[in-house]
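Several structures are given next for inspection.
What follows is a pair of complexes built around subunit A, which joins subunit B in one and subunit C in the other.
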Partner chain A sequence: MAAIYSLYIINKSGGLIFYKDYGSAGRMDTNDSLRLASLWHSMHAISQQLSPVSGCSGIELLQADTFDLHCFQSLTGTKFFVVCEPGTLHMENLLKHIYELYTDYVLKNPFYEMEMPIRCELFDINLAQAVQKDRVALLGR
Partner chain B sequence: MIGVGKIKPYTNVLDRPLSKGKQEVSLSAFAFLFSELVQYNQTQVDNIAELERRLEDAGYAVGARVLELLCHREKGNRRETRLLGILSFIHSTVWKVLFGKVADSLEKGTEHEDEYMISEKELLVNRFISIPKDMGAFNCGAFVAGIVKGVLDNAGFPAVVTAHFVPVDGQQRPRTTILIKFAEEVLQREARLG
Partner chain C sequence: MAPVAPKSGDAIFASVDRVNAELFTLTYGAIVRQLLTDLEEVDEVNKQLDQMGYNIGVRLVDEFLAKSNVNRCVDFRETAEVIAKVGFKMFLGVTASVTNWDAEGTTCSIILEDNPLVDFVELPDTCQGLYYCNILSGVIRGALEMFLFPSPSGVNENRSHVAA
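Let's look at the complex of A and B:
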C-alpha cells in the first residue's frame, strides 16, 4: 500500500506549480488538484490569522479520518504539502528534502521561470528517488 | 545543500604566501552565477545556435586566462607544444583546477584523424540543469567547450570545439562529450614534428 498519496507544490500566490500522485488512492483530475491547491493556500493564510499563538506560521499538519496532510512553507512562501496515509511518520523530513531538491534542481536551472509550473527532468528523477527511498524505509519499519 | 564552500580565515594579503590556487568555491554560488549567465544570454539572442555561441565566447575568455595561469603555476612558464601533450594537459591539469577532478575519458575519434573527444558522465555546469524539450540538442556544456577552445587556440592549436549529449546504455541521463576538431595546419605540424 502506498503511504504517500500525492505531493503538491504551490507558489507564493497560491498557484499549483507541481502535482504528482502516487498510487490509486486520492487521485484527482487537473481541475480538482488546482482547486485543492488554492483552497489550501487560503486556508493556510486564514489559519495564520486565526491562531491564538502569536507568530504562527500556519497549519503544519491536518489530520482527517482517511488521510493526513503535512505542509511545509519555505521562507519565501512556497508551500510543499503531501497527502498521505493516516499516521505516516517522518513526513517533515521528506518535505524538507523535497525543498532541498527544489532549490537545487529547479531554482538553479536557468530554464525555469519563477512561479511557473515545474518541468525539470532532473527534479523529477531525484524526486522519484527520494520518494522511493522513503517507501523502502517505511517497509523496513 | 550539495555544494559546501570553505571559509578562509582572514589574513593580511601581504602576509599570506602565494596561493597554490587549490581553494574550492561554493558549488551553489557557482550554479546560481552560471544560471544567471545563461539566462542573461538567453535574453540577448533569438535562436539557440546564437545562445550556444555566446556561451562558448564566455568560456573562451576563461580558457585563455586559465592557460596562462596554469602554464605559470604548474608548468614553470612552459607550455605544451605537442598535440597529445596539450590534450592531456586539458584532460588532467585544467579539468582538475576547474572541476576538482580529471575528466572521465579522453579518446581519439574513430572516424576522423583530426577529432578527439573528452567525455564527462556528469559535467559540473550541467549538474542542476534540465534542458527543456523544445530546445532540442542544446547543451550548456557549450561554455566548457569554449574553455577548451580558449586553451587550445591560445596554445597554438586552433580547433573547433562543440559539446554534445551522448546517450549511455542503461543510464537515465546522457553524458556530455566535448568534441575537438583540430585545424588542418595543426595536424600538418604534428606530422612534421614526427
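Let's look at the complex of A and C:
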C-alpha cells in the first residue's frame, strides 16, 4: 500500500532532473514524465501571476479525486513535488526533508553538474529510507 | 501549514558537524599557495579564487536555505544582513558586520572581525594586490546569482595585509 505514488524534482528552467515512482499507480514512461514536469513548471509559474493575493509563490497543493499533488519550491527555483493518495498527511515535511537530502547528497557531490539529471546513488539510498520511514509512520498511526 | 520560524546562525552552527579550524586554515593556505605557484600572476589567482568561490556558492545556497528557513528578503539591505549574521555564522562560525552603505543602498561592506581563513597569515610584499579571501566574495556572488540576482561583489579589504 503506497501512500506516495511518485516524486518529481524540477530544476529552475523546468527540466525534470529526478523522477521516482512508488507502486504501479501513476507510473509513467520517460517522455510522459518529462512532459508532465514542464507542464507543471508552467502551471506553477502561471499560478503566481493569477493569484489574487500578492506575494504568492505558486501552487502548493493540488487536490483531485484520485490523488493529491504537494509541491515545494525552494527560493532558488528548484521544485519538489509528490503525487500521493488523497488525504495523505505530512507531505510538506517529507518534501522539506527531501530538499535537505538534495542539498546534502546531490549538491555536495562535486561530480554532480548543476541543473543536470540526478544520478547520485547516495541520494537514492537515503531517499528510499526517508520514504520508507514515512510510510511506516503513516501505517503506524 | 504553519511557516517554520527562521533559525539563528548560532543554532545551526551548533547542530552541524564541525572540523578542526587549523586544518581548515591550512587547507585554504595550501590552495592559495598552490594557485600562486601554478598561475604566478596575482590577478589570475584572484580570478581563480573567485571562480572557485562561485562554484561553492551556487551549491551552498540551497544548504543555507534548507537549514536556516529564512524567508525571501525584501531588499538588498536585508539580504546583506542575512548573509552577515546568519550565513557567515552558520558556515564560518563568525559573525560579520555590514557597514559602508552608499546613498542608494546598492553597495555595502561586509566586515569580518575574526576570519578563520586568515589565522596566522601574513602577506609578503611579493603578493601585493592578492585578495587572499577572494573565495568568500566568489561564494557570495555564486549564492546570490542563484536567486537571479547577479551582483559583482569584490573584496576591498584584506585583513591579512592589515595584520602584517
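Methods note: the second predicted complex is superposed on the first by the 141 of 141 C-alpha atoms of A that agree within 3 Å, B and C clash if a C-alpha of one lies under 4 Å from a C-alpha of the other, contacts with A are read in each partner's own complex, and residues count from 1 in each chain.
In this text, a contact is a pair of C-beta atoms (placed from the backbone, for glycine too) under 8 Å apart; a residue touches a chain by one contact, two chains touch by 3 or more.
As the structure is a prediction and not an experimental result, all values here were calculated from the model.
S.K.: Would you check which partner chain A:Ile46 touches, where first means subunit B only, second means subunit C only, and both and neither mean what they say?
M.R.: neither
S.K.: Go through the superposed model and pick first if A:Glu100 touches only subunit B, second if only subunit C, both, or neither.
M.R.: Both partners.
S.K.: On the A-aligned overlay, A:Phe123 touches which partner chain: subunit B = first, subunit C = second, or both, or neither?
M.R.: First partner only, subunit B.
S.K.: After superposition on the shared chain, which partner residues are touched by A:Met114: those of subunit B (first), subunit C (second), both, or neither?
M.R.: The answer is second: A:Met114 touches subunit C but not subunit B.
S.K.: By the touch definition above, which subunit A residues appear in both interfaces, subunit B in one complex and subunit C in the other?
M.R.: The answer is residues 100, 103-104, 107-108 of subunit A.
S.K.: Which of the residues in subunit A end up touching subunit C in this complex?
M.R.: Those residues of subunit A that touch subunit C are 60, 74-78, 92, 96, 99-100, 102-104, 107-108, 114.
S.K.: Once bound in the complex, which stretches of subunit C touch subunit A?
M.R.: Subunit C reaches subunit A through residues 1, 58-63, 65-67, 72, 146-148.
S.K.: Can you tell me which positions in subunit A touch subunit B when the two form their complex?
M.R.: 100, 103-105, 107-111, 119-123, 125
S.K.: Using the touch rule from the top, collect the residues of subunit B that touch subunit A in their complex.
M.R.: Those residues of subunit B that touch subunit A are 1-2, 28, 31-32, 34-39, 42, 128-132, 135, 140, 172-173.
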